[in-house]
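So that you can tell them apart, the chains are marked A, B and C in the order they are listed, and the count of residues begins at 1 in each.
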């Protein structure tokens, strides 16, 4: 992942579906997690208005500024808020794989949530089963 | 699930235990998730006072009204707050299955959390192992 | 776990790594969860300033006092806030096991988060795969 802004949401459902197909697993579980601690993987709606609501809400719950309000930022970082926002949205999702596909409800889509972007990060997909 | 009010919590531990028994799995993992993006599955205490505390707290963190405060509600929905509340409480739980049973601490119970009810929704239980 | 203060964070990465090695699993998933409903297991940074930020932030989101503000505390408990804080931080993590090791990004570490300590509690580690 390489989100060009500090924060953003990216629909990664298609990439996860491809990984499930490549795994050959028909019945099992797929784990999808951010490998970085200022990012999230979560499941919700692919609706841009909702994503704006998340952005505004998370910024109210854990404001980026003033950066000096956070002890973590005394290390030279300015991303303490990103570590907090990521806890609200979560690190990972675990999705059932049934008949070789992600076993989803009607509106479930997988998103990567970036809270400290403008650099390259990775998402892990692990599929187990038979 | 069909919660007759907008919001509510339902103990689904017994239904999940039955699904584990039916699966025949003795050692493994059970995934339990809401299939809808305005609902949660979480583990906590079966205590009605605590559930009132959750309701009040979530409503303070992500108020239902004014509905016009949310961009998502411009789509004609009035449930943006439910999408936020569900992120705090989580989509899913993964529980160890040991000797054919949910491997729980003394007070762990599984709940369905509804934040936009008055219609039929589903919960998925997937058990893997041997 | 036995955290001598009401709240605290403990790095349990080494203990989980040992459990993975003992399991003999080379490819699979490791579930790590708090067995108590006023504690969390989560993944983030091993940085003491950040942990102070989490403590301050969680106390602002779900204050311990006044204890009489919570219906749950009418049962004689004083830990309603701990049940709320644990939902923000989460109950569990699921980590990929690859080539016999926890498949982690560069800064991922596993923590036990205690919100109602001064007594003995347990963490469950379940490793499945082959």
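Everything that follows uses one rule, which is that a contact is a pair of C-beta atoms (placed from the backbone, for glycine too) under 8 Å apart; a residue touches a chain by one contact, two chains touch by 3 or more.
Here the structure is a predicted model, which is why all the values come from computation and not from measurement.
The touch graph of the protein chains shown is complete.
Both chain A and chain C derive from one sequence, and where they touch, under half of the residue numbers involved are common to the two copies. Chain C has its Cα centroid 20 Å from the Cα centroid of chain A.
Counting partner chains per residue, chain A shows two or more touched chains at residues 29, 61, 88, 90, 94, 128. The touching residues of chain B, counted against chain C in their complex, run 27-29, 42-45, 47-50, 52-54, 57, 61, 88-90, 93-96, 98, 103-108, 128-129.
Those residues of chain B lying in contact with chain A across their complex are 29, 31, 33-37, 61-62, 70-75, 80, 83-84, 86-88, 90-92, 94, 122, 124, 126, 128.
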